[in-house]
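Each of the next two complexes has chain A plus one other chain: chain B in the first, chain C in the second.
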Partner chain A sequence: MIQRYRASAGIMLTPAVTLIGIFILLPMMLTVWLSFQDWSTQTPFSSASFVGLDNFREIFGASSVGRDFKGALTNTAIYTALSVILILPLSVAFGLMVYQHDVAGGTALRTVLFSTYMVPMIAVALAWSKLYSPSEGPLNQMLGLIGIGPQPFLSSPRSALVSIVLLNVWQQVGYFTVLAIAGLTQIPGSLYEAAKLDGANRFEQFRFITLPLMRRTLLFSAVIAIINAVQVFEPVALITQGGPVGSTNVLTYHIRRVGIERAQGGLGSAMAVMLMLSLIVVVCALFALANRKDQE
Partner chain B sequence: MSFAWTSKLALAAGLAILPATAWAQSVNISYLTHWSPETVALLEAAAKDYAKANPDVSVTVRAVPFGDLLTTLRSQGGNADGPTIGGIYDLWLPELARDKLVAPAPDAVASEVKASWPAGVTSAASVGGTLYGIPNEIDVYALNYNKALFKQAGIAAPPKTWDEFKDAAKKLTNKEAGQQGFGMINSWAAGVVHPFASLLVSNGGELVKDGTPVLDSQQAAQTFQLYEDLIKSGASVPAMATADANTTGPFLDNFVSGKTGMIIMANWWESALKTGMGDKFADIATAPIPVGPSGDKPHSISYSWMTVVNANAGAAEQKAAWEFLAWLNNPKSGKNGASAMSDILMSMGILPSRLSDIEAHKEKLGSEFLSGYVSVLADAKPFPVVPGGQEFSESLQQTLEALQYGQVSAKDAQATAQADATSILERAAK
Partner chain C sequence: MSRGSSSRLPRKRPSGRKALLATLMLLVAVASAFPLVWMVLSSLKTPAESMQVPPVWIPHTPSLDAYEKVSGVVNVGRSMWNSLVIASITTAGILITSMMAGYAFAKYHFPAKSLLFSLLIATMFLPPIVTLIPLYRLVGSIGLNASLAGIIVPNLANAFGIFLMRQFISGVPDDLIDAARMDGASELLILFKIVAPSVAPAIAALALFAFVYHWNSYLWPLTVLQGNADAYPIVISLSRLLSYNRGAVNTGLVMAGATLAVLPPLILFVLLQRFFVDSIVGSAIKG
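Moving on to the complex of A and B:
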């Protein structure tokens, strides 16, 4: 009986497992295999030659290849951290504002917030590159009205990456606000009523009810925000091309340059593997932290 | 001959012709370029003219931004459905040829090119003695300066030496008015490297000699030092330097709005300058690159573009592509003895490289702006076309940008540039 059950389960799982194997596992394994090869992306896989850990040694070495990779890895980490640090609190704050039934215009605000997520990145990039323009940009003109001199924004290695982060936050925060609202709807109203009867003020209600009960939602939002941020490509390709001085050169853009433009498939694959490993470590650490909090 | 026999013969002839007709009608070739929509329209018009005499060949034109051109060629050129023809920068050719993405030119085309183009331009379109593309444009760098700003600053003539250049840059700088003396470029590899290389060769130096980088020379040290001096004196402001090859960004904005006194730029920016400046374009003049303390006379950097054919395209498509390109670059396809290609190039202010085209466009090439470029062409040194050239360019770009933003000293920048270039070119040569 059990054997028959196992056989039918196996038959039913086969199509899904096969598809996952072909379209997800195989490309991942291929990338890992290529990271140990010297291979030009313009030649067949059969022309790849095994070089052991040379590609990894090179991307962490002192040459320009290593410097550029480490710079791109750092930029990606900063971009991701800043994006998550800004997006999560803002999404909760906007979520709380929009979720209040007694606030007029809540639905309109929700629509406006979510609409930024629906704007194509090319339009966002065009608009923001003009907003940030050092000479005629509206942002500098507004700063000028309050006595602040023109800021270089995208033209300085100090501010270019942060400027790209702000663009990302502006576009993504609406989506994460919707997730926050979904989390808020899961919290029973009776808890707030009981807290009110016990004399808890608004801040205490937020601190001891809202925040703890939104932990799962926030964990999900954080994971999605990290994955989205790590994959950043379009604003860099469309506005800064990784500059100035490589200050906005993020890993996806750099891997494209190395792997496709320079056809250095082995090096590009090693970089992609490191990106994948970094992402796995960060997400696992986040889940481990959340589990520990749950156990506490 | 009876009617029955005549009918049979006609039917047989028809059947014999049928496969050829069917084959002939099916040749579609595509042309990948980075040109603007206005220029693409001119190329499409030329293709339409070609189709009048060759109804069996249809040419479609596809344009991508310059920054995506090499990626598109690399990602799509490996199969038969990729672009049949591509316009490429000569620096990319050695690696595209090594990876067998571009086809060698047929003998007839190669003979025509060798007979009708200058030897230097032909060699830039060749790898190991084999010609891979039909050269079209040639670009050269010169000093562009704003005559109105020069007059305001009391400068009578464009600088001829680096001392005069530094002095002019200082006089043209007005921090309160947000005006810089000399505009450098950042965020675009060729835009950063070519003006630097032009100053270097005008100081008697070179980027690469016999396949080996020579950025450790005294001439290079002086050029890195010049950059540091210009930045430290405030005569060049890196925040005003962001640019890209699509002729957008603060670098162009600042020059066209009179906030930059001098730039070192290639002739192909003429159309962007005209569009941005309107009547004030008359204020812009061209002069040779100022000569450095170790230089003998003005030199600058030149580079060329060419059209290549996808080596993975079908035989019929390749044949049709070479025939179309031969026609496009032929003196009979354009106006007054010029090729259709040269007419397209001249619409953008780009110098054609075919000898007969230079002759046919003599009058326009004598304009105040372009004549300055034509005059420096003879002493221009071609940008080194070596395997790994693009990576070398991008690496030098990073170092020069770090110097612009004060992250490294001139001495450190020189040492880094030489070490990086050596490692990149050695790896690429393997």
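Moving on to the complex of A and C:
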């Protein structure tokens, strides 16, 4: 009997494990291997030649390759930090608006917020590059109504990256709001009743009940937001192509340009490995921080 | 914040706080909906209306001319068909592979099970760019580049689907499966005839997720197609419209294209949003 199910397990697992093995795990290992090779993406893997740490030296070096990579790393770090800083508080605030029962319309609000998450980035790019248009864009017209002068948005190196962050926050905040609502539903209502009997006001209830009990949800949201943020590609590819003056050149866009368009597979792979390592370090640090707080 | 409290406790100053909350909620909803509403309204304007100063927000004489013009710039029919093929076949593949693997992880005991599961789940958190370069070469070397198959085949299985299916299939009673085994049913038959119907909502959620995700997917198709415009999904063909985005005269055209790209996923979402939301909540809480 057991033998039969062992064979069945093999049959059931083969399709998924084979596909994920060939198309995700194998390329993952190849990326690590290629990061130590000199290799053109146009040639077979067998033409790669071992160069030790040369690729890593070059991407952190003083040449233009190094400058571009370090710029992209910095841009991605700023992009990620801004996204998380904006998305987490907004998702909790919106989650509270949806979850409260004092004013009707919470579910409708959730639908509106989440619907933007379904929109393909090409549509977002087409609409927002128009909304952001310095001369005839509706955003500047509305800012004009409240007495704020026209903003350059995507056309200035100082504001382009932030403009891309805002567009992505607009699109993704609904997803994180749904996660926040999931966290809120896990908090027992009796805690609030008890706090109210003790005379806690709304702010104190939020500070001492909601926020601490949302910590696991917020940790999960932060991890997902970080992973999403390092993947940002489409708005940059579609709207700014990394510019102006490299101000929106983020890692995913840069790695693809180096590794696919310029066919410098070794260099691109070394950059991808650094992206992966940075991501692991940040996520581990986040978990360590959360665990230490748990012990307090 | 305080569920149901307002109905039980006497309200001293109900109107002020509620009015503020309602106003805030309305503001958030308007800000969130504005870009899409503006997009649809602009797509219905005539070029003359688009250029009017001060701007007209709502078109006086709504027209569908812009939609006709889009098909002069982009091969809408062909691209929509490509997107439909890519999203449907990928979704079908993901459903089958996820149900099978999810069933194995939920209901079988085999060596190194938790190790294998952790390894698969880890791929869920891997940014696609990390594997993009070798994957591009790999798919090219098996002759699938520049084709729809090249877009589809690498995506026929994913960790999220396996994870979701395992979560839900774990909840199916063992007795149900054992009874079918007594009757001599094969394992595959049990999975598709007995287990699948009892986790139908989860399957629907996964199907919708996969469909919308692969309808919208951009990075991999762009990379693997190498400029083969015949195989472009709609989200890539429409990027031609970006070059029409200078000046106001073509705003209607551009927004009509954007609206076309949004419609299929948005319609699916509106019809079936319960499944979407439930499966996100499910994956967050149970995970």
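Of note:
The rule we apply is simple: the second predicted complex is superposed on the first by the 271 of 296 C-alpha atoms of A that agree within 3 Å, B and C clash if a C-alpha of one lies under 4 Å from a C-alpha of the other, contacts with A are read in each partner's own complex, and residues count from 1 in each chain.
Heads up, the rule we're going with is that contacts are C-beta pairs under 8 Å (C-beta built on N, C-alpha and C of every residue); 3 or more make two chains touch, one makes a residue touch a chain.
As the structure is a prediction and not an experimental result, all values here were calculated from the model.
Of the two partner chains placed by superposition, A:Asn291 touches none, neither chain B nor chain C.
When the shared chain is aligned, chain C comes close enough to touch A:Tyr5, but chain B does not.
Of the two partner chains placed by the overlay, only chain C lies in contact with A:Ala108; chain B stays clear of it. When the two complexes are overlaid on their common chain A, residue A:Gly174 makes contact with chain C while staying clear of chain B.
In the superposition on chain A, A:Pro244 makes contact with chain B only, not with chain C.
With both structures placed on the common chain, the touch criterion links A:Thr210 to chain C but leaves chain B unconnected. Of the two partner chains placed around the shared chain by superposition, chain C is the only one that A:Thr116 touches, whereas chain B remains out of contact. Using the contact criterion defined above for the overlaid structures, shared-chain residue A:Ser155 touches chain B, although it does not reach chain C. Contacts of A:Pro134 after superposition on the shared chain: chain B is touched, whereas chain C is not.
Which of chain B and chain C touches more residues of chain A: that partner is C.
In the superposition on chain A, the residues of chain A contacted by chain B and by chain C overlap at 41, 136, 237, 256, 260. Contacts from chain A toward chain B in the complex involve residues 40-43, 63-65, 68, 133-136, 152, 154-157, 237, 240-246, 256-257, 260-263.
Here chain B touches chain A in the complex through residues 67, 70-71, 74-75, 78, 95, 99-101, 178, 186-188, 238-242, 244, 250, 253-254, 257, 259, 390-391, 394-395, 398, 401-402, 404-405, 407, 419-420, 423-424, going by the rule given at the top. Per the touch definition, chain C reaches chain A in the complex via residues 1-6, 17-18, 21-22, 24-25, 28-29, 32-33, 35-36, 38-39, 42, 53-55, 96-98, 100-101, 103-104, 108-110, 116, 119-120, 123, 125-138, 141, 153-159, 162, 187-188, 191, 212, 215-216, 218-219, 222-223, 234-236, 238-239, 241-242, 245, 247-248, 251, 254-255, 257-259, 261-262, 265-266, 268-270, 273, 276-277, 280-281, 284-285, 287. Residues 2, 5-6, 8-13, 15-17, 19-20, 22-28, 30-31, 34, 41, 44-45, 94, 96-97, 99-103, 105-106, 108-116, 118-131, 136, 138, 141, 170, 173-175, 178-179, 181-183, 185-186, 189, 192-193, 196, 202, 205-206, 210, 217, 220, 223, 227, 230-231, 233-234, 237-239, 251-252, 255-256, 259-260, 265, 268-269, 272-273, 275-276, 279, 283 of chain A touch chain C in their complex.
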